[in-house]
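Order of writing sets the chain letters: A, B, C and D. Residues in each chain are counted from 1.
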Amino acid sequence: MALDKIGIAKRIAQELRDGWYVNLGIGIPTLVANYIPEGIEVEFQSENGVLGMGPFPFEGEEDADLINAGKQTITVLKGAAFFDSAMSFSMIRGQHVQLTVLGAMEVSQNGDIANWKIPGKMVKGMGGAMDLVASAENIIVAMMHSNREGESKILKKCTLPLTGVGCVKKIVTELAVLEIRDNKFYLIERAPGVSVEEIVSKTEGDLVVPDFVPEMVL
Amino acid sequence: MALDKIGIAKRIAQELRDGWYVNLGIGIPTLVANYIPEGIEVEFQSENGVLGMGPFPFEGEEDADLINAGKQTITVLKGAAFFDSAMSFSMIRGQHVQLTVLGAMEVSQNGDIANWKIPGKMVKGMGGAMDLVASAENIIVAMMHSNREGESKILKKCTLPLTGVGCVKKIVTELAVLEIRDNKFYLIERAPGVSVEEIVSKTEGDLVVPDFVPEMVL
Amino acid sequence: MNKVVKNVEEALVGIEDGMTLMLGGFGLCGIPENSIAQLVKLGVKELTCISNNAGVDDFGLGLLLHGRQIKKMISSYVGENAEFERQMLSGELIVDLIPQGSLAERCRAGGAGIPAFFTPAGYGTEVAEGKEVREFNGKPHILEMALTADFAIVKAWKGDTEGNLIFKATARNFNPMMAMAGKITIAEVEELVPAGELNPNDIHTPGIFVQRIFKGEKFEKRIEQRTVRIKN
Amino acid sequence: MNKVVKNVEEALVGIEDGMTLMLGGFGLCGIPENSIAQLVKLGVKELTCISNNAGVDDFGLGLLLHGRQIKKMISSYVGENAEFERQMLSGELIVDLIPQGSLAERCRAGGAGIPAFFTPAGYGTEVAEGKEVREFNGKPHILEMALTADFAIVKAWKGDTEGNLIFKATARNFNPMMAMAGKITIAEVEELVPAGELNPNDIHTPGIFVQRIFKGEKFEKRIEQRTVRIKN
């Protein structure tokens, strides 16, 4: 069965490693913080100026001056630090953040990503996404395999304005974990109960399928 | 009579204006802080990371962590701020400092200045001087008119490696106040009792002398 | 060096139609609310506003958009504002969208006398159009220019009479860089204290960058996304 | 994320002959004394040292110069060190002198993923030789490249187990930018406290830039120019 958002977040959380600084984008990526594997410590960076983000505040304890990049009220953990936006993107551009998780509208098999604009329809802006994808050595995209019309978002070539070129290396969708190498998607794992055929049929880009495709263990 | 160092500092202090942020170089420029005219407030910036520099500490109250750019122990006034070197030179390069006073080995009539190196003999380094002279809109050079061999340091063309080009607009020496305009030195004031002839004879560069040259009032 | 002005009216003297303003804040967090209200009152028009976001429909810069006071917005993210999207898609509003990190760095550069710098952000995208591309360490970068403004308007938590500022938590965001990049920088603060009361070690924005400072009359500090846990 | 190492021996593991080191400090103020002493002990050679100054004859980096451990110095001012001047004039030591502001900005750029930037400093001088010149706003600027190091060694006043650092007064100087630019950054601190004891608003260097932190055994903190007033 296809994963829900929580399932995607749980699978991505398995990619975390002890000691990493991690930037989580808005939406599904934010949920990853709830499923940090036992025994490892990671620290979350939010590009609006905080390191050491904690959980949401208890009701009545919200502070308008303390939010994350999604403008949600947050708390901080012991050992947190606040800083300005130039310092924040120094961390990001300077590759001090070990992992970036973000959403996408489209990803192409050469690692291009599009997630900020639908010409004539929707323009929210790129926020920090262009800085993040251009800088991070380790990017995981959390996304749905298809759009609402059932069209694949895992493409030979992106159709929307790009956010970054050749930067995505790993994708986790509701159906599968894919890696990008040599201008192709590689099927690494499938969601529990999801068939390879379904994944193949919903992937427009070139997909390399090994003989055995393990199921995710969540 | 030619001015002493204190006289030069006093004359330069007359150029200060209320509300200015001022960077004083090592040597004579440092003395300027002692002669701020009555009724005006200026604030001293030191490029090693302090705004609001005060006088030297009382004996026994020196703090090794609190020095000026000349590595001298200092104090700070109320309302001071500490910052790092990148921030400090952001102030300087970004032209937030209204006046820079520094020493020189040579100045030429197009406003070039040399003060950091004598090839094969003395290389102390430029420190912050190159950033200061390239950035400041308002530079006053405090210097001696001649070197120990009696050779003029106010030249048609600098002979030493340059610190900056076309940046000096005003010079105060033990003999005179000079301004640089249109590739010439202009004699503005002479030290009390110093003759125009002496100044002319000790100035190698082209010097424009008006009919009447007022004496400095110190 | 007393930089204190009496109130927001006095603080904003000199802001005219057609000027370029920088306004601090990320979303509604750390925005100069009192100054924005005064800009509405002044009715200055044809403004170019540099600010990470455009506020929401009825708060922050949304108030200026509503009154059609803004000709051009330079921002990184404008997703929470329907009126903004309408004006932009209809062509009434000129919009220059910039990657957030490049926006922050361009403001800092403007204040720091760095006219241009290379960044990898935006290479290969619309943002790179017309910009110089150069490889460093085998990776393509684009050349971005510094930004400055006629007035920068920032909001701080504490300030002193010398213009030194301390921001609180994530309300710091763009405020320090914009303070650096204004020809005239105006700071509205929650607490205004005499010089000497702030620890010189803790200053975020040294007073040299601030020309006018005043205590804001009131701070509503609206929350855009109130997210909470329930206590068991 | 506990980054604490036991002592200076453990902190400096991995530093080898021929490496590039950044060392914080301005004059003798804010230098990592304990680490410098350990570098002498280790006897690593052929080092490239990036540091604003070269210490004095018998303290700071002067100690490494004395033992001929340094192949190349990248500095802005070296005027207080006779042995330095001797080695430089005799050609034993390679010296790259850089304007102080450019040095600070190049370290910051190295840490911030900005490969190059334009600055007016040094235009028309030896410093500009071989560098690209470009006019912005009618004023010539030169292109300067980012600096990075195998190890950056900084000295802070207070630090916590997460690597967050607070510097004291003018001992801050180059330390924050160098902390950003080291592949591995080592911080020696006067006071080492548990995470949570430093106010997140007051942190100068966020812990993300620091890989190892230790409490220095002793800090001599020599004063280069003791200038005082006499009390009446």
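The rule we apply is simple: a residue touches a chain if its C-beta (ideal position, glycine included) is under 8 Å from a C-beta of that chain, and two chains touch if they have at least 3 such contacts.
None of the values given here were measured: they were computed from a predicted structure.
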Identity of the chain that, by mean CA position, is farthest from chain D: A
Of A-C and A-D, whichever chain pair has more C-beta contact pairs: A-C
Rounded Å distance, chain B centre to chain D centre (Cα mean): 28
CA centroid of chain C to CA centroid of chain D, Å: 32
Length of the line joining the C-alpha centres of chain A and chain D, rounded to whole Å: 36
Residues of chain C engaged with two or more neighbouring chains: 105, 108, 112-114, 119-120, 167-169, 200-201
Overlap residues in chain B, where contacts from two or more other chains coincide: 50, 76, 82-83, 89, 92-93, 135
Chain pairs in mutual contact under the definition given at the outset: A-C, A-D, B-C, B-D, C-D
Residue ranges of chain B touching chain D (in the complex, touch as defined): 46-50, 55-68, 70-74, 76, 82-86, 88-89, 92-93, 112, 117, 120, 122-131, 134-135, 161-166
Sites on chain D touched by chain B in the complex: 26-30, 52, 75-80, 85, 88-89, 95, 97, 99-105, 107-108, 119-127, 157, 167-177, 204, 221-231
In the complex with chain D, residue positions of chain C that touch it: 105, 109, 112-120, 134, 136-137, 141, 145, 166-169, 200-202
For the chain A and chain D complex, residues of the former touching the latter: 19, 21, 41, 43, 45, 50-52, 76, 78-83, 86-87, 89-97, 135
List of chain D residues in touch with chain A within their complex: 1, 108, 110-114, 160-162, 164, 180, 194-196, 198, 200-201, 203, 206-209
